[in-house]
Amino acid sequence: MSERLERGKRWFDEVYGEGKSEGLVEMQTGLAQDLARFGIEFNFGDIYSRPGLTLAQRELLSLASLVTIGGLEPQLRGHTRGAIRVGCSPTEILETVIHVVQYCGFPKALNAIRVVTDQLIELGCEIPEPLGPQA
Amino acid sequence: MSERLERGKRWFDEVYGEGKSEGLVEMQTGLAQDLARFGIEFNFGDIYSRPGLTLAQRELLSLASLVTIGGLEPQLRGHTRGAIRVGCSPTEILETVIHVVQYCGFPKALNAIRVVTDQLIELGCEIPEPLGPQA
Amino acid sequence: MSERLERGKRWFDEVYGEGKSEGLVEMQTGLAQDLARFGIEFNFGDIYSRPGLTLAQRELLSLASLVTIGGLEPQLRGHTRGAIRVGCSPTEILETVIHVVQYCGFPKALNAIRVVTDQLIELGCEIPEPLGPQA
Amino acid sequence: MSERLERGKRWFDEVYGEGKSEGLVEMQTGLAQDLARFGIEFNFGDIYSRPGLTLAQRELLSLASLVTIGGLEPQLRGHTRGAIRVGCSPTEILETVIHVVQYCGFPKALNAIRVVTDQLIELGCEIPEPLGPQA
Amino acid sequence: MSERLERGKRWFDEVYGEGKSEGLVEMQTGLAQDLARFGIEFNFGDIYSRPGLTLAQRELLSLASLVTIGGLEPQLRGHTRGAIRVGCSPTEILETVIHVVQYCGFPKALNAIRVVTDQLIELGCEIPEPLGPQA
Amino acid sequence: MSERLERGKRWFDEVYGEGKSEGLVEMQTGLAQDLARFGIEFNFGDIYSRPGLTLAQRELLSLASLVTIGGLEPQLRGHTRGAIRVGCSPTEILETVIHVVQYCGFPKALNAIRVVTDQLIELGCEIPEPLGPQA
């Protein structure tokens, strides 16, 4: 195993939990496992491992990008779990979805925040109350 | 409740039916209800309430934009119901999906027209016959 | 020349002006002219020529779809010209861009409305005043 | 039936199997069948029937474009079947998904390769082994 | 002027500099100024003004979303200026673009980082050195 | 220099010409050079270097994906040059753009084919004649 793959697994497991990088590869079959491995090597070995941004910052940026693309439910759920693990608060996660509505439009944001909230509930997080209209 | 939120609810219910704006908020949990409220305040209180386009025009434009983005089934179904309620004919709704195929490509348009047709059938609308090839 | 191409040219010129369909083909060189021809045959011969929506409705739907995709300045300018020619008012055209902001986000809508307004000014249209905040 | 529709059906059935073009139309109801017919006439009668690219080349290009758009599962499954029928190998199909990850990002590519692999398995194809890291 | 618009202008000017919210409206002509005003009222009066995320966090999330959409050069430049003003470091800004490459693909990220770097240079920021390959 | 970066440079230069990988990095300044390096290491060292697809196949797939995303002119020009260098014919390149119109819509395809044709002319390629309507 290359140093880079090892580094990728270490950072992936740091975000998602011990042994989870194995799971990503095992979700794929045959040649597709190469693509999963690239995801670990490149996304985590090369990118997440860089200094300059904390893991908590990276997880919120990932969520912002995923909500903007739209429709990526498995990844929204995964990065919600990751964000909580690396210390983001439910408020920060949900505010991230609310923040990007101005760029991605309401349908993507509303569908995403439902998925994210459900995942937070599943994780046993306390869901913050709505703020209501500002004075 | 601000005048703007009230105006938003009034226009939302005008398009979707009495009391439906409450339903939109209740579909979300906790902080996410703020995003649903923004949807009512901004989309309906600020935008749908503007003069210059009729509600029927607005509903067809919404469908055109949603089909173009792709994959937004709950919104496609919702705006199909809204379009019928504000007086669009099934022909206008289906022709809107057909019209945008030139911009969004066939896969998005074909997936969308299946969803829209199913919703129209569910509403008890008579589905217009295909025109067939032009002479 | 097939009947379908002829029909396409007729509808294209109806929207954009006498002889403009020739211009679309001549903007392309060599094999690319086949793609321009498909645009006339399919978009105008098959789609625009269908009953069920007026040309004015179709032009607003085209604008809604183009703004949603983003970045298509030549087409935004072209369909703004077309929309005016088939009888849409500057208000309807500009309100169409404003309407879709809820789906496509502010950056695309703001960039598009600048292009559309400039084209309307170039056409000598009177630009409607802003409505300002609602009471 | 126009020559063009007939040509479209012939090419569609060449890619997907005898009589499959009828199935595409029958998946839609009423007016929506016009859109399915356009898909056959234009996509297959006009485009797939052109010389200059083989059917195998076209199927891989279709997959590249679909993966890039994201979320189009029925079309991914359909074109995987088509690609195998016109002589693409499972390796070429899977490598096409892997190739476009650099343009469309990991979430779309990983979701797509799972769908494509499942379809290949359903077709009884042997799934190629992962190559593993390069020396 | 409503409280909400005033709040929006205050937060807009906090991010972009004294009096800049006027500039945004003045970049538009006629009816389009309503859309610019909505941008200030909604994006800044409603969203940026919320607690739960700092302005520095919001600016990085905005950049992540804009890079993901692609092609929005004026907004990329504007939010780069905003990010510096609210205290993000050039490293955080550039790492944000690098971070989202895994979701949006290389072409969008490479085009965006060129625009962002140029804006940072124009602002007189010191551009951090490349890290080079990790050990 | 890692083996992977070296391999990336070798494949990049194979597609674009001797020494061109240096140029990609030098087009960027400071930290952004890391992103350019990732482009060489990952896109060319990891992906283009894989067996299973020829370089000519890969270049057409890259073009299909780029046209589908839309708006990426520098990359369209670059991959047109690459495609010619690795042995694709102008016909294959132009047919690739025509092929994906069914997925990405006419505006993106028409804008792209203009850019691609211009680049082919600049390279001194003979531009194939339009086929005209099929019998």
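A, B, C, D, E and F label the chains in the order they appear, each numbered from 1.
Rule of thumb we're sticking to: contacts are C-beta pairs under 8 Å (C-beta built on N, C-alpha and C of every residue); 3 or more make two chains touch, one makes a residue touch a chain.
For clarity, every value in this text was computed on a predicted model and none was experimentally measured.
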Any chain that touches chain E and chain D: A, B, C, F
Chain pair repeating C-F, as identified from C-E, B-E or D-E when over half of the contact pairs by residue number coincide: C-E
Greatest separation from chain C - chain, by CA centre: A
Pair with more cross-chain C-beta pairs in contact, given A-C and A-E: A-E
Centroid comparison with chain E (C-alpha atoms), farthest chain: D
For chain A paired with chain B, centre-to-centre distance based on mean C-alpha positions, whole Å: 30
Length of the line joining the C-alpha centres of chain B and chain F, rounded to whole Å: 39
Junction residues of chain A, two or more chains touched: 4, 34, 38-39, 41-43, 46-47, 66, 69-71, 91, 94-95, 98, 101-107, 131
Topology of the chain contact graph, where touching chains are joined (line, ring, star, complete, other): complete
Complex interface listing, chain F residues touching chain C: 70-71, 90-91, 94-95, 97-98, 101, 105-111, 113-114, 116-117, 121, 127-133
Touch list for chain F against partner chain E, complex: 1-2, 5, 27-39, 41, 43, 66, 69-72, 74-75
Contact set on chain B toward chain E in their complex: 4, 38, 41-42, 46-47, 50
Complex contacts: residues of chain C adjacent to chain B: 4, 7, 39, 42-43, 46-47, 49-53, 57-58, 60-62, 64-69, 91-92, 94-96, 98-104, 131, 134
Touch list for chain B against partner chain F, complex: 101-107
